[in-house]
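Everything below concerns the one structure shown next.
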Amino acid sequence: MSDPIVVINPNSTEAVTEAMSDALEGLRLPGGPDIECLTNPDGPPGVESQADADLAAVQVREIVARRANSASAFVIACYSDPGIHAAREAAGKPVFGIAESGMLRAMSVAGNFGVIAILEKSIPRHMRYIRTLGFESRLAGERALGLGVVELSDETRAYARLVEKGNELRELDGAQVVVLGCAGMARYRAALEEEIGIPVIDPTQAAVSNALTNALLKSP
Amino acid sequence: MSDPIVVINPNSTEAVTEAMSDALEGLRLPGGPDIECLTNPDGPPGVESQADADLAAVQVREIVARRANSASAFVIACYSDPGIHAAREAAGKPVFGIAESGMLRAMSVAGNFGVIAILEKSIPRHMRYIRTLGFESRLAGERALGLGVVELSDETRAYARLVEKGNELRELDGAQVVVLGCAGMARYRAALEEEIGIPVIDPTQAAVSNALTNALLKSP
Amino acid sequence: MSDPIVVINPNSTEAVTEAMSDALEGLRLPGGPDIECLTNPDGPPGVESQADADLAAVQVREIVARRANSASAFVIACYSDPGIHAAREAAGKPVFGIAESGMLRAMSVAGNFGVIAILEKSIPRHMRYIRTLGFESRLAGERALGLGVVELSDETRAYARLVEKGNELRELDGAQVVVLGCAGMARYRAALEEEIGIPVIDPTQAAVSNALTNALLKSP
Amino acid sequence: MSDPIVVINPNSTEAVTEAMSDALEGLRLPGGPDIECLTNPDGPPGVESQADADLAAVQVREIVARRANSASAFVIACYSDPGIHAAREAAGKPVFGIAESGMLRAMSVAGNFGVIAILEKSIPRHMRYIRTLGFESRLAGERALGLGVVELSDETRAYARLVEKGNELRELDGAQVVVLGCAGMARYRAALEEEIGIPVIDPTQAAVSNALTNALLKSP
Amino acid sequence: MSDPIVVINPNSTEAVTEAMSDALEGLRLPGGPDIECLTNPDGPPGVESQADADLAAVQVREIVARRANSASAFVIACYSDPGIHAAREAAGKPVFGIAESGMLRAMSVAGNFGVIAILEKSIPRHMRYIRTLGFESRLAGERALGLGVVELSDETRAYARLVEKGNELRELDGAQVVVLGCAGMARYRAALEEEIGIPVIDPTQAAVSNALTNALLKSP
Amino acid sequence: MSDPIVVINPNSTEAVTEAMSDALEGLRLPGGPDIECLTNPDGPPGVESQADADLAAVQVREIVARRANSASAFVIACYSDPGIHAAREAAGKPVFGIAESGMLRAMSVAGNFGVIAILEKSIPRHMRYIRTLGFESRLAGERALGLGVVELSDETRAYARLVEKGNELRELDGAQVVVLGCAGMARYRAALEEEIGIPVIDPTQAAVSNALTNALLKSP
């Protein structure tokens, strides 16, 4: 039997791990690889600063190193892709970051994309990463909810803000598709897509899709 | 039962369609969507010029329009992605191009990528497309086999050239991953990857993976 | 006697062909090459979608191939430059696209340029082309009239919109020059330039200028 | 009668002015504007350093200011376009620079271009200008003759080097067209094009073409 | 004793030279190199046009050539860096331009920067220079005071505008740091920084800092 | 008395700290701020992988947080700038990274720069960072010594390689200035500059220069 795809939630909030696991249900195939979602027990409650991301990077790498022989691929389920390059050094297996995979998926369906971040201060960090990846010519805009990772579970408030920011991305920035800029937004994807009328991408789904088809094809 | 993923080979060479269909075997899942590979009967034997690509574009769009109500998604299986934008207008369903999907997949596994084209004259056409997509900062290089689409089925000759060009991309251009720049190279992917020691991406597999997981998740 | 410059209107609207021919009067020189304007009889009434552009591409190439021995140069007079690369393969003669030539001309007179499109949905197609050409750093903005090619002949309405969009490009986007993003706007160039106070470029004039001086100099 | 197009040779070498004037013969039309070529009597013998270019800039602007009322357009015939922006401030008439026009013309006929400079030390100056113009994505390469402006009139030696560098641009850099990177190379254009088998652009011809058609059309 | 750092004010306004000299007081170290501020007596009262900048370029180079043997380094204290490349040819010593040094310093402290220009018409000139330097991806925005160099000494009016534009850069353009786009704004730096709450860079201080530490280290 | 500039060597090799401290002697001014060089006792012997860099990032941030009240500025003396953004969050003081400062300094003296890395595998990490910073248009090339941080203290071998790579950057890549891509190369700067005939930048000197003049001016 093949090894599972290991999806690492770099933060310590179990509710986030559970919601992302639920969102991956469609990718758990009869006879296909298991998709195992782990919480990083020592992580911050949410990755909200560069210090959080840097600490998570080291912890993610350790988890990956520990599981290198019992995983077919890894997914780093935080929109800063903490530790992605060190994890690749350690894994000897494919490692997918959700920010990277989410933006790549967005570019496979539309000419440009918008991003919804949790906090205003996340945006400069994301901008640096977009430049690192060379994708800035495809970015329509990024807008922040002004809510932390934990506050995302306040459904009424979080959803209202998502709709507001999604509409702004579509109308003011001309975004043709929206990428959710935090793994903790997974539960809202389908409703939001319906509401704002353009595709909405859950980046964890995008990354796990990459890992799944990699496993099915035994190829990149 | 859900509609099939329709993979359109824009050229008229059945052998190409068959080889790509074989390469997609791992993505045909129990209970998953059918993956139906069509040959474009009126297409050129291979898309080797801009005139070929432009003609194929119109034909691909017609096929897509005809199948819009009996497909869950479309894949355009020619490395020029002929007709991709018109097909999107016509389909009301996701349409994935293999060049686009192949390069996106490459960027999910490595910092840069090389491309193997069939003919020297394909390269300017591909360069224009890479600029259109905004991916030039991630391109390590592109090199041509000097073989037409039909000649690709001469296995000894084609494989020797693929190895030569793959090694040049890795050694001289510093490519970390190679994208096969023609749907007709699918049969050589696994052996070539083994031989040159870096991942080799069959772009048709990449595009169909996108369509498959889109269908599984009912989301982009 | 030298062969004519053949200007191809890829759409089937004779009024557009006639207006562009009128706008070229100043380039018909005593002893100079004839400037012959053709309508594509099988074309769409206006190129308003990617499907229109792709179909026109094939037709333009056929016209070019047919006239290859009785033309000194070709101009493709539609702001999507449909078929430009295949026409170059077929012609063995210079082939100028009006979008390309219009933007190049704009950059010879000012630091940036704005574009007036006919329809909102034309803009993503134009944006792709601007990226293909590598000119995005010089683009101030693009704005759409919200009028189809045929509606352009409603002079009162079309001109009012042109003035509105031209002023927006100058004031809101800081454009220093405006390129008319459709061959069917030729008749309004001079008045619009006078009205908005910055140069307005008819891209068909720009492309035919290139063809004319090429013929005069027997050089690129 | 309309005012002449005034072509300013920013250097003091009459032979350069005469050769460029000869190369413009095809643009002197019956009934068309005069094309008057001026030598800058106080200029350096050739613009070979930034100091030369800066001094020429001031002198060119003075000539333009003096002739503002007796010219229909100006061409600055030195491949550094010295003084182009100040000349535009002073002229109230179109001012075309030959480097700018030469590269724009090149991009109207091919996907990329190479440049032949006179001296190795000219290349960093040209590179800065190409970045200023935003054209670096279209540059295939630039190579220097290693000959000063005055040495260009030694025909045997100059032509042999031009052929050598033109061939290197085509073969090693993949250039599809060559731009002569000095007004003093005009006399060699036609032969060089014949010899190296790809189009060769005399940038003075390109700039004067722009001025001429501007005058014919009374539009940009 | 070591030669002084020579700071050249390319305009003829003594008050500007004096204010910049005052702002450099902290860099005059016991035992360190002298910092000598010169006025260009033949310069324009302020560099407000391209013609001003081009004339100043020639004059700056002459001053540099004259002082090449009695200076350890040069600073060109005008935000157009007039003559910087010719000065480098002439000096055989380091030559720092304040625009270049100011933007480089800004990028050492923040992810992006805004610029305050004196006049609206300065902005296109600055934009060309930013493209020349390749820094456009780090520019948040540029806004003009609408005041000439001489008007900058009207303290009440100038300061009010600086605060207005600084706040606009921070709030509307998202600038994380502001570069003063004219040497004549030096006197307002500290108060403006306090007022708008983000760092404000006097580019003359930045350039002289570079020259000073170069002298201290005898290295670039 | 003012607080010292704290220079953090993120690796645990004391010899590197000592050599960099020696190279900073010229910046220790009478009456100026102390320059205190710290070794990170828990760091790797050299930062040679992404895992090393990620671990160092967390440790650097902790050191910065601990010293936030007893430092006037911080310098992170490793060419990966580990932890720079988290350190800025924690410090409330200027934080300079040596890679960033070294490249910025290089761009203040020349049109392009080359980099000498320690190991081939450092180059992709540096390339990502150069894209993050937006400086790729100014990079002439990067070449690796093939020596680890600790091997850098083998003077004969290290110096011979530095000369070899420096010459290759100048001759093959056209670099106008060289940046040392590791804090551990400081001791070789002066001799290498003399040997290869173009400026060589010690990035630690560049970063500490920024911190020093910041302290002297009490401004950025």
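We call the chains A, B, C, D, E and F, going by the order they appear; numbering starts again at 1 in every chain.
Simple rule for what comes next: a residue touches a chain if its C-beta (ideal position, glycine included) is under 8 Å from a C-beta of that chain, and two chains touch if they have at least 3 such contacts.
Chain labels with UniProt names: A, B, C, D, E, F = Aspartate/glutamate racemase family protein.
All of these numbers come straight from a predicted model, not from anything done at the bench.
Each chain's centre was taken as the mean of its CA atoms, and the one lying most distant from chain A is D.
Both copies, chain B and chain C, contribute mostly matching positions to the interface they share, with over half of the numbers common to the two.
Separation between the centroids of chain D and chain E, computed from CA atoms only, is 33 Å. Distance between chain centres (mean CA atoms), chain D to chain F: 44 Å.
Residue positions of chain F touching 2 or more other chains: 128, 131, 133-134, 137. Contact between chains, per the stated criterion, is found for A-B, A-C, A-E, A-F, B-C, B-D, B-F, C-D, C-E, D-E, D-F, E-F.
Residues 26-27, 29-32, 94, 96, 100-101, 104-109, 133-135, 137-138, 177, 189-190, 193, 199-202, 205, 209-210, 212-213, 216-220 of chain E are the ones touching chain F in the complex.
Chain B makes touch with chain F in their complex at residues 111, 137, 176.
Across the complex, chain E is touched by residues 124, 127-128, 131, 136 of chain A. Residues of chain F that touch chain A in their complex: 49-51, 53-55, 57-58, 61, 83, 85-86, 88-90, 125, 128-129, 131-134.
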